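To keep things simple, chains are lettered A, B and C as they appear, and every chain counts its residues starting from 1.
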Amino acid sequence: MMKLNRFWVGIVLVLLAGLAFTKFVDNEFYFYAIYAVLQLMVMGVAWNILGGFTGYVNFGAGGFFAAGAYTTVFLHKAFDGPPLLLAVVVAPVVCGLIGLGVGYLTLRLKGVYFAIATLAVAIILETLVINWEYVGGAGGYYILIPDDVPFFGSYIEWLFIVILAIALFAIAVSRYLNSSRIGRGLSAIRDDELAAECMGVPTLKLKLISTTAMGALMGMAGAPFPYFITFVEPVSTFSLLVAVNAIAVPLIGGTMTWIGPVLGAIVLGSIQEVVTVTISSELNMLIVGGVLVGFITLAPHGITGLYRDFRDKRRRRDE
Amino acid sequence: MFELFLNAVVAGVLLGGFYAAVALGLSIVFGRLDIVNIAHPAFVIVGSYVAFIINERYMIDPILSGLIALPFFFLLGIGMYRVYYVCFERTGQESLTGLAFFFGVMFIIEVLLILYYGVDYRNVQAPYIGKTLFLGFLGLPYRMLVPFVTAALLTGLVYLYLSKTFLGRAILAVSQDRLALQLMGADPVKVKQWAFGIGIATAAVAGALLIVIQPVEPAVGRLYIGRVFAIVILGGMGSISGTFFAALIIGIAESLVATFIGPSWAPAVAFALLLLTLAVRPQGLFGRA
Amino acid sequence: MSEEILSVTDLTKRFGGFTALDAVNVSLSNRERLGLIGPNGSGKTTLINCISGALFNEQGSVRFKGQEITGLKASKRANLGIVRSFQIPRPFRSMSIIGNLLIPMEYAASDRGEQGALRDRAMEFLELVGLQDRADENSSNLTQIDLRRLELARALSAKPSLLLSDESMAGLSSSEVDEILDILLALNERGVAVIMIEHIMRAVMKFSERIVVLDAGKIIADGSPDEIVANPDVERAYLGE
């Protein structure tokens, strides 16, 4: 019980700290930078629910993220600039449904085939958007940022609070899925799907929950993106970088627990921001790839795995 | 209308033949060795850039350049396999982390190319580019015809190599029939290393063909991921003749979609076919069931 | 005889053109110990798969406790009380030994108790197989015999009324075979009916009240151990004339 309370107290404290941050900090750069890190965190957390907890590697993360962003674009055009929060609610529903559909279509596939199928889904979504003139097609779509923002000093401060809330929500969902009965069922699927099914785990149902949650959170990460970037076009929104980031974050942090992708996002996101500012954004991409491959080959269990090994070693020495 | 249709089909056949060259290496590596080298198209793009550099600097025919690069790609493949084997296969965690590994490699290759050559499209010079052979109302552009013929020859050579030579037969047996391999006295790791080398070596030629067909920039490779996996899986995982025919099917389908619906829809064709195959008949059209 | 728990009627299973099981009929009473034997490739594991739901049969029916379960998923059958162990142990490798037991307790047996209470109950099962002192060890580094013990403890914690034991003793030493036999008998004492597939004849003969012999997908004999030993068809199937 104690631990549960501590978690929720932590969540509330972080949110309050975020609000205080908007009051006391004026330099907009910090909000843009932290926004990017938090967006990365939501994507990593979302990817990890299916990839880490359930053991189904998904290369289509970019597709779900972009579907979220384009839900916002669609709403923006259809309702003449509705409030951002509408998109934050609708996008996860849309993307969750896409996740559910993709799950039905592809979850009979094992491992590698599933991963390739998700990549196919992302490319098909991209082709659909490119050919959908209503949301701008290949040319892209501009979103004008509303001038007046109640309570906050500027729009980016408001966006920052929105993505912070989304990140905390995603962490809470991920933690619930990780530490509950559902989470233990997902781990069983990851370890041995047939044995899990024979031990009473309804594998199909749990996998569908997992893809739906992944899709919904990924879409949620994408929902405020058009307001952040102000110009949305398919090629960069469906970029492979999104998929690579979403995979790199949990693999760097560790995939077995909810905390892994949170740590991974803080580490990778901070490196990226520093490199982008001090050197160049191309080099930044190279670093993502390099860090990803480095961790996969040298520390396959990520930061949390390194910590666990370290702890075990020390305990053994103490004994 | 009929002429348009027939032209589209012929263009599709030529395109498909080229796709076979791109998919060939993956057919061996994924179909026979069970290594999910998702970075294969990225190696093809490297092949294109190598052909571009040799062609620009020494005015050597791009396809000949591809052949010059081939042994180096073979060695590169052997090196890649060593890393893969030491880090993943030996520790028995190959499938998913190995996949993520190749995904990362693909990304790194792409970014390195962007860093060195930027995102501009590059192309090559050859006397046959720009000319077209007319047979009645059928137009066969040489920039498509030459790659088709080269790809068909390459496919035939690989087919003969795998079915007629000792090492080739060992490659065919390596994942399916451990016992046969043992009886042949072949070390599976060495066989796989050799096969991976051949797989990457074909990318040198495929890359040269690609840049003959169209200008190339680093991100072009991604569109080939769906195509090559669709072809390998449709073709029945590692069957060389199956791969060739599956490539023709994808080529024709794309050509028809591009002609009658619009070129911007063409990239989705292979992926849609792939999804359909995976959902309905995972063992492929020419599968060994 | 006590009441019937499982009845398999006219069950046929084909893989492509190959008929793995051909109109098989088997029934089992409550708490019965049945041995299932036959040469390699005779369809024993396929039959276990069809009963547990890992494979679906196209023809024939499987009834459990009077309920038609053909077409039901394996997880549903586990809920009803059919649990299997695997020929090659398949532990949940990322979990501790006791963690392996919590999965069937929470899922197959739908035990929604507090984690602490669940752990206490899981410890009982571990005691039965002799793994109680190693509950928190990781399950990925176990020896063969311990893997078999875990496999059985995990099956037991699903609260089965029918256990399908698929070669739980293959590759074990003679004393280890006796130990697994004792565990299976103790399970049976608790009211679990057992179908045992086994190649070790000594174990099958000692354990079974009744034996069914499969050969090339067909049942060629069904009777007490003594009858089976005396049956000329069985001898022929094994020695292959």
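We adopt the following convention: contacts are C-beta pairs under 8 Å (C-beta built on N, C-alpha and C of every residue); 3 or more make two chains touch, one makes a residue touch a chain.
Source: prediction; values computed, not measured.
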item: Chain of greatest Cα-centre distance to chain A; value: C
item: Core chain by centroid distance, with centroids computed from Cα atoms only; value: A
item: Chain-chain pair with the highest tally of contacting C-beta pairs; value: A-B
item: Whole-Å separation of chain centres (CA-atom averages), chain B against chain C; value: 47
item: CA centroid of chain A to CA centroid of chain C, Å; value: 43
item: Interchain centroid distance [CA atoms averaged], chain A/chain B, Å; value: 32
item: Interface residues, chain B side, partner chain A - complex; value: 36, 38, 83, 87-88, 93, 95-97, 99-101, 103-105, 107-108, 110-112, 114-115, 219, 222-223, 225-226, 229, 233, 262, 264-265, 267-268, 271-272, 274-275, 278-279, 282
item: Residues on chain C engaged by chain A in the complex (per definition of touch); value: 52-54, 73-76, 78-79, 83-84, 86, 90-95, 99, 102-104, 106-110, 112, 154, 158
item: Touch list for chain A against partner chain B, complex; value: 55, 57, 59, 105-106, 108-109, 111-113, 115-117, 119-121, 123-124, 127-128, 130-131, 138, 240-241, 244, 247-248, 251, 282-283, 285-286, 288-290, 292-293, 296-297, 300
item: Partner chain C, residues of chain A touching it in the complex; value: 181, 184-185, 187-188, 190-192, 194-204, 256
